[in-house]
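Structure first, then comments.
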Amino acid sequence: MAWISKNWAMSGIIAGLIVTLKHVLHIGNRPTVTVQYPYERMKVSPRFRGLHAVDENACIGCGICEINCPNSTIQIVKYNTKWYPQVNIGMCLFCGLCVDVCPMNAMKMTGNYELADYTRESLVYGPDRLLFNKEVKQ
Amino acid sequence: MIANAYELIVYILTLFRVYEPLLNVFQALGAEYVLRIIIVLVEIAVLFVFVLLTVMFLTWMERKVVAMVQSRYGPMVTGPRGLLQPVMDGVKLIGKEDIIPAKADRWIFTLAPFIVFIPALLVFIPLPFGESLIISDLRVGLLYIIAISAISPIAILLAGWASNNKYSLMGAMRAVAQDISYTIPLALAAIAVVLLTGSLSMVDIVNAQGGAWFGVIPQWFIFIQPLGFILFLIASIAEMGRIPFDFQESESELVAGFFTEYSGMKFAMFFLAEYAHLFAVSGIVVTLFLGGWTGPVLPFIPVQITSLVYFLIKTYAVIFFAMWLRDTVPRVRIDQLLNLGWKIMVPLALLNLLVTGFLVTAGVMV
Amino acid sequence: MNPAEELKQKLPSAVVSIGIQVNKPMAVIKKEELLNAAQKVKEMGFDHLSVITGIDYMDHFEVVYNFFSYAKKQNLALKVITDHEDPEVDSLTSLWKGADWLERETYDLVGIKFIGHPNLVRILLPDGWIGHPLRKDYDMDTEQFVTIGEGGEDIVSTDGSNLLRRK
Amino acid sequence: METDELIINMGPVHPSTHGVLRFKLRMDGEIIKECTPVLGYLHRGTEKLGEMKTYLQFIPYTDRLDYISAMPNNYAFVKAVEELAGIEVPLRAEYIRVITMELNRVVNHLVSIGSLLMDLGAATMIMWGFRERENALQLYEMLCGARMTFNYIKPGGVREDIPEGFIPKLNEFIKDMEKRIEDYEQLINTNEIFMMRMKNIGVISAEDAINYGMTGPTLRGSGVNYDLRKVEPYSIYRDIDFKVCVRRECDSYARYMVRIDEMKECLYILRQVVDTMPEAKIVSNPKYGIAPMTGAPSAVMPYFPRIFTPPAGEVYSRIEAPKGELGFYVVSDGTTKPYRVKIRSPSFCNLTAIPGMVVGLKIPDLIAAFGTIDVVLGDVDR
């Protein structure tokens, strides 16, 4: 009898049922937390490490980011008579080392995280898609 | 007094003054039985459509309940609050490739989903959805239900064997062991109810629970048979194969149990059968222990409608309990399940039966 | 007295030299005496074999065993130096069951054979892999392709021409 | 009657092997006669990569070992390098490191308990665990811009100082977690079915556990009072008041309970660290870095070593990661790249014990025992 009361009194299961019922009825601070992604988006923090961005005026094309990239993601290519980094997002670790090492603080990482694409080629972000401050030059 | 759905249809047709002319037409052709067959087909079609819609609703409800427990929304996109999600799921499953494994037993593999699906629908025939809302009030209704639901383990075994997959086979073996050991306490608990009513007919069982003590407390068998109710509920959850007793699938152990290899529409049939079974078993629990469709009679509303509403409310309460339990507890182990079945539930059910029989014979309970 | 010195006192014949490996005492052990020394180390209370590291130094291999004593809360490292041609050391599986996989891993990646190991097969790489990747002379340019044979065994080949490959 | 043994391949794609582990099971009906784990499906050659990358470039790769709790991996490698080069770390950086690591311990145990319960059939717990984990990940995102693979701890400090609003949010998280853990305990701890599944399953005695080289919560569940944070205090753990959670039952339930207790202990540590954090905003060692050429300190860490060459030597340094003892054996030859990096991953060593634990049990028990061992395949295969 003691064995039955110990094992089959089901007090633990009943306690569990109460907790789950609390969630169903939203009793006590138990809200629904889902963010319905394509319709609503979470705000990313200012430090978020997403797609790169390169300051066109600051970048000197020195290639330090290229050397320091662990996955050889970055290549320095020629664009509009100057040299700029080109990032292959498909291989990028988003570790932020390129941002850390940039001596001119030209490299930044933006909050853009929706980087999926249909082809491998379109994952290579050339300077035309990375540069900002374009209007300053003209 | 309208006894079953056939007579109800006849009554409605008479009410709209179309039954007589129709009958005359068919009698003139000398084929009265054709009309009868048509009416029977209509009622069966109505039942099946109702059951299938309920099943689709249940899949939606299951996901919603799980989501609510887990602080999520569940399906939200298709239709209002995702209500059309089951339709989309159905469309998706129909569109899937129907894969038959190379070394599977093709015939049995194809046949098994049907053998699972058809009994799941047949169970509803003697189930009273409401006053006179019953396809056929079989005099052995309860026996019929228990017998029909005993077919599904055979189909599961066929499916598991024919898949030629070790996980499927193990799932099937578990399902059979589980079904056999839980049908016994299920039947024993039901027999205790039969002792009280003296009839296997589901309608009689419901009618026996129609009264009320002191005009307030309904005379449901749950109050007379609390132990029997608990045993029946546990055994029926085990019969349904839901957590905490979902050994036939036991996703994290046997991948998906006996339907590991199934895809497309065949998988959908297992899926539908599972939820049809859930609905049927909940309905049986309601009929046997929770007073079936009985409830306060309201004026101006046909008793058929109110009784159907009462029945559905009670059934959904039981279904909600099953879903709620599923979200709370882990799965027990197969040997623990069998221990529970044979060493605890069967003796308790026998004890319950003995006490009930004694009390009925002594005239304390009628 | 640190454990390395203690070991040297107890087994003077086995210990070649003692030193410090960044605040952890370390003893270099003769290859032949490893099992003996390990036995002694275990008797001294070092019951936790933390890691086995094989290092390729181009002209010789070093196998480093890092021990820890739960009772004394002390660290000890044993180092064995083997030649480069045919690196072989004694297996410690008889003393520490945990050495089993660590030795298999060392065999797999560095290619050091452990004499007396009950099941010295590759653990991380598929059977039949060519070369030991953590050796300095491992050929990094040869691509190796693994397919699964009829019996479920791994088949390694350097010819990937008949495989379905992404561009 | 003639019976035959059944060989079952559990994995590499199986719902409850937590990734791509494969168990070759020799079964007698439902009973396991022999269990052989087959590893290597996720082997990425991290140790070889360590030889090819510079010290700083290798830190992002350590994130990918145990991706559930990446911060201790970062720290373990950085600690090894710091010991090798003798770098001093500012106090505030150490505090930030401890905050991130303890937060990661909470995250790891949430995922561990959640996936254990999901394997046992109760899917609710993992969703609850992920719900709270999300809050922690948002904290990480605030702190270092990434949610799982941080690359945050650097030799000589951390990458950036904590941002504004981080501490209040952390306090909120701690407060919230304390309530949530009560929920978990009410849901799981006394559940009869859970106890039936976990008690006396996967028993491993203290001697065996030590002999197998198990560490972390799995070892403490066997009654060995051992925690590197206490035994060899690194960082600022010497000054922190906390207790080591030990259970003596040696079974799966004990290991689960250790994790629950550890979560509570982590919250206690976090509270202390937040309260006593030094105010000085120095989070990196200026001796080992160059200020950016533009002069003004950038938004990111100003003194971050761009080229980093520790002296030749070798070091073995271990920390108490959430899963157990995580060690890095680093050999330096005085160049910018390590000569050899050996990773002693806790998951790999803990998994060693599985074949011995489960013989004679059933498949569901294997899942329960395996779930409480808590492995991450990225950590096992490396």
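Order of writing sets the labels: A, B, C and D. Residues in every chain begin at 1.
The rule we apply is simple: a contact is a pair of C-beta atoms (placed from the backbone, for glycine too) under 8 Å apart; a residue touches a chain by one contact, two chains touch by 3 or more.
From a predicted model like this one, the values you see are computed outputs, not experimental measurements.
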Chain hops separating chain C from chain A, counting only touching neighbours: 2
Separation of mean Cα positions, chain B and chain A [Å, integer]: 48
Approximate Å spacing (C-alpha centroids) for the pair chain B, chain C: 62
Inter-chain centre distance, chain C versus chain D - centres from mean C-alpha coordinates, in Å: 24
Chain A: positions in contact with at least two other chains: 8, 13, 16, 19-20, 33
Chain C residues counted as touching two or more neighbouring chains: none
In chain B, residues with contacts to at least two other chains: 69-72, 327-329
Interchain pairs in contact, sorted by label: A-B, A-D, B-D, C-D
In the complex with chain B, residue positions of chain D that touch it: 6, 8, 14-16, 30, 117-124, 127-128, 131, 187, 191, 193-194, 196-197, 362-365, 367
Touching residues (chain side chain D, partner chain C) in the complex: 9, 39-40, 43, 45, 47-48, 51, 83-84, 208, 210-215, 224, 226, 231-232, 313-318, 325, 327, 329, 331, 339-340, 342, 344, 348-349, 351-353, 356, 381-382
In the complex, chain D residues that touch chain A: 53-54, 56-61, 63, 124, 131, 134, 138, 141-146, 149, 151, 159-160, 163, 179, 183, 186-196, 292-294, 298-301, 304, 306
Chain D-touching residues of chain B, taken from the complex the two chains share: 66, 69-72, 166-167, 170, 243-244, 246, 250-255, 327-336
Chain B to chain A touching residues, read off their complex: 65, 68-73, 76, 324-325, 327-329, 344
